[in-house]
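These notes are about the structure you will find just below.
Residue numbering begins at 1 within each chain, and the chains themselves are lettered A, B, C, D, E, F, G, H, I and J in the order written.
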Amino acid sequence: MLFHVRMDVRLPAGMDPDERAEVLAREKAYSQELQRSGTWPHLWRIVGEYANVSIFDVADNDELHDLLSGLPLFPYMDVSVTPLATHPSAI
Amino acid sequence: MLFHVRMDVRLPAGMDPDERAEVLAREKAYSQELQRSGTWPHLWRIVGEYANVSIFDVADNDELHDLLSGLPLFPYMDVSVTPLATHPSAI
Amino acid sequence: MLFHVRMDVRLPAGMDPDERAEVLAREKAYSQELQRSGTWPHLWRIVGEYANVSIFDVADNDELHDLLSGLPLFPYMDVSVTPLATHPSAI
Amino acid sequence: MLFHVRMDVRLPAGMDPDERAEVLAREKAYSQELQRSGTWPHLWRIVGEYANVSIFDVADNDELHDLLSGLPLFPYMDVSVTPLATHPSAI
Amino acid sequence: MLFHVRMDVRLPAGMDPDERAEVLAREKAYSQELQRSGTWPHLWRIVGEYANVSIFDVADNDELHDLLSGLPLFPYMDVSVTPLATHPSAI
Amino acid sequence: MLFHVRMDVRLPAGMDPDERAEVLAREKAYSQELQRSGTWPHLWRIVGEYANVSIFDVADNDELHDLLSGLPLFPYMDVSVTPLATHPSAI
Amino acid sequence: MLFHVRMDVRLPAGMDPDERAEVLAREKAYSQELQRSGTWPHLWRIVGEYANVSIFDVADNDELHDLLSGLPLFPYMDVSVTPLATHPSAI
Amino acid sequence: MLFHVRMDVRLPAGMDPDERAEVLAREKAYSQELQRSGTWPHLWRIVGEYANVSIFDVADNDELHDLLSGLPLFPYMDVSVTPLATHPSAI
Amino acid sequence: MLFHVRMDVRLPAGMDPDERAEVLAREKAYSQELQRSGTWPHLWRIVGEYANVSIFDVADNDELHDLLSGLPLFPYMDVSVTPLATHPSAI
Amino acid sequence: MLFHVRMDVRLPAGMDPDERAEVLAREKAYSQELQRSGTWPHLWRIVGEYANVSIFDVADNDELHDLLSGLPLFPYMDVSVTPLATHPSAI
């Protein structure tokens, strides 16, 4: 079941550089593990913004919330979820 | 080059049923031809709305505008385009 | 799997009274059938508005879109869907 | 008498972890007591957000404001209240 | 129990003058009856707009929705309801 | 001459508790003096929000601005003023 | 007492040209009479829009509403009123 | 003196095709004459929308308003004007 | 050439009182010099807000930007500029 | 391929003056290098705002994102990108 997710990252201005590097590294590893497992099939950067558009493929709403709220950057992001259905013209 | 496109369809309330059926049939054929050619790789329905989220893969901005403004439903749609870039964590 | 749905009804000003009565009767029957089956467990009127807040319990996104787009009033409604997850403090 | 309440939690970035844990524990206890008493019959998490949708069942507006402004997280939340009425098609 | 209600009237451009005069006369009578009974204690015009701010004093949400949806102008109005509570500094 | 005023209070997260208590006490005294004099005839709490809806009765715009900008909480509030006129259906 | 007023004109697409010319002529005469009397001291066009920014000088809110709702174009305008006070730095 | 202008075109759904073709032809001629004279140095289509972004080079605000309100499509457009100044880093 | 300017002042909560007094004194002197020279012909306070509506009379866009960006309060303000033209009904 | 970019700069209130001067100098050098190379053909200041409107001429979306995210002020800016196409009336 597919969901469209937009994430806008807002890191605090005075964040400690080491803490920042560490959370970004954990975010990358977390994201790539989900991409490899097929749960996060698409991840695109929005041009000019510290934001992404993603597609998630999950079993249900609870799984999606667990994945998103487990993102290392979750406390620093605005996340917006849109459920997707099969389009009748899709081939 | 990828673009994220959201299309919201707003058909006039009193549209003639035959005209409506005809434009929807043309829209479907047009869309499926672009899907087959790889130009329109993703097309999803937004749950509960007469709207879709699409990904287009085009050579440049002019090609994208020509494709979108050529949609049979173009006069009846609000279209919003977001350029996408490669995400550094994408695998 | 639960979804929060808000529906705002906007019937055309000059709608034929018989057509209006007929579509409202069909809407009521459709809604009550889904309520009886457990698919539409909550339906509330928003005070002062021709709008409702509903909770749907469905198997997946496609089932929800089919139910909503099948509403007799669907062509006359703005529908907004929010996926719900289990709250960790819910009992 | 039912009210629809949406709560968005915004904890300060640099909040002391112990203070944070303590206020969250108090919030959970407060919420579960109201759920057990029947005053807070529904509590759902919004997928991907630190937010919930709730239904309250109270005697009047003053009782609702007392309950909401007494939430341990109240100073850290945006709260939006919508009064609900019986829907004529509800069974 | 008090509620703050804002009503914005949008009569159709080509409305028949007699129908318009008739619905406005019914609206006035309906409003004044509720004012006399104490249910609609305040009614003010917003300067420069075809809109009003009102205070209603009702037993519960259902009574308020019945009163508002019974307004002769209801099909031509946007209505927004805000529940009010006692202010701790009010005398 | 009546004005509708909405005030949303936003006290800084880390405000000193004594300073906070002191400014709230001054706000209450200031407000009650204006209520007693008839200048601030209505003051209601908005349910679930640290906000109020008020009606002011003043001689002119300058008097209203002086009263509002003199509120002890003025530096911590968003204030929105709407001028009111006599409604032709008011009794 | 001064008020800032913005008016956006939205004439119906299919308005009869004679009716249009007649209402515009009446609007101009009405506006110029108020300008001559000192009640409407400033009237500016917003560049690129069928809209104006105006300053009115009136005795009270009721007078302003009477003047604005009496504008021949009032049924075709969105009007937004902002009360003005003396600025402490104005000379 | 430069101005940034965005124009969104909204032709009525049922516009007569000949009238439509005629107004579009006049718009094109009007636009190209201003481009040739140097008054309208840039004109770009917004991808996916019936809208453009333009730069105008005019002597003053009055000239700009005369040019824009003289556009054959002016009655069918939303126009938004932003004044531009020299940027200190521009070469 | 006239421009409509709205300025909303947002001084930081913990600003040093002396620094605050000093910048406000400089702002007042700066504003009054421009008013005396005829460049800033109107300056009004918006009732209930730390904001003003102003009219500027300048030679061109660059002069206006220089004046506005030179305001001592400029780093603490949201400024919105609207170009004005002669209104055909203005006398 | 052209893109319209709006950048709004929001430097933190308490930024160190030397750090501020240094990042602004780097921004200017970076911007002027791109202007000289033809990648950033237009750069205009928005009157009254710490913001600019720019036109970029790039090979593709990835190049644009690299350029924008490499701006020394990027962490302090809101950036909004709009893809542009050839306008059929442009000469």
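Keep in mind that, in the parts below, contacts are C-beta pairs under 8 Å (C-beta built on N, C-alpha and C of every residue); 3 or more make two chains touch, one makes a residue touch a chain.
All values reported here derive from a predicted model rather than from experimental measurement.
Asks: For F-I, find its twin among E-F, A-J or C-D: the pair where over half of the contact pairs carry the same residue numbers.
Replies: Of the listed pairs E-F, A-J or C-D, the one copying the F-I interface is A-J.
Asks: Considering E-G alongside B-J, which chain pair is linked by more C-beta pairs in contact?
Replies: Pair with the higher count of C-beta contacts: B-J.
Asks: At what distance in angstrom does the C-alpha mean of subunit E lie from that of subunit C?
Replies: The separation of the two C-alpha centroids amounts to 26 Å.
Asks: Starting from the mean Cα coordinates of subunit B and subunit F, work out the distance between those two points in Å.
Replies: Result: the chain centres lie 50 Å from each other.
Asks: Just give me the whole-number Å value for how far the CA centre of subunit A lies from that of subunit I.
Replies: From the centre of subunit A to the centre of subunit I is 43 Å.
Asks: By the touch rule stated above, which residues of subunit J touch at least two different other chains?
Replies: Touching at least two other chains: 2-3, 45, 47, 61, 64-65, 81, 83-86.
Asks: Touching residues of subunit J toward subunit I in the complex: what are they?
Replies: Going by the criterion above, the answer is residues 13, 45, 47-50.
Asks: Within their complex, state which residues of subunit D touch subunit C.
Replies: Residue list for subunit D touching subunit C: 2, 4, 27-28, 31-32, 35-36, 42-47, 52-53, 55, 82-91.
Asks: Help me check something: in the complex, which residues belonging to subunit I touch subunit H?
Replies: Result: residues 1-3, 60-62, 64-66, 81, 83-86 of subunit I touch subunit H.
Asks: Subunit D touches which residues of subunit A in the complex?
Replies: Those in contact with subunit D are residues 3, 5, 12, 61, 64-65, 68-69, 75, 79-81.
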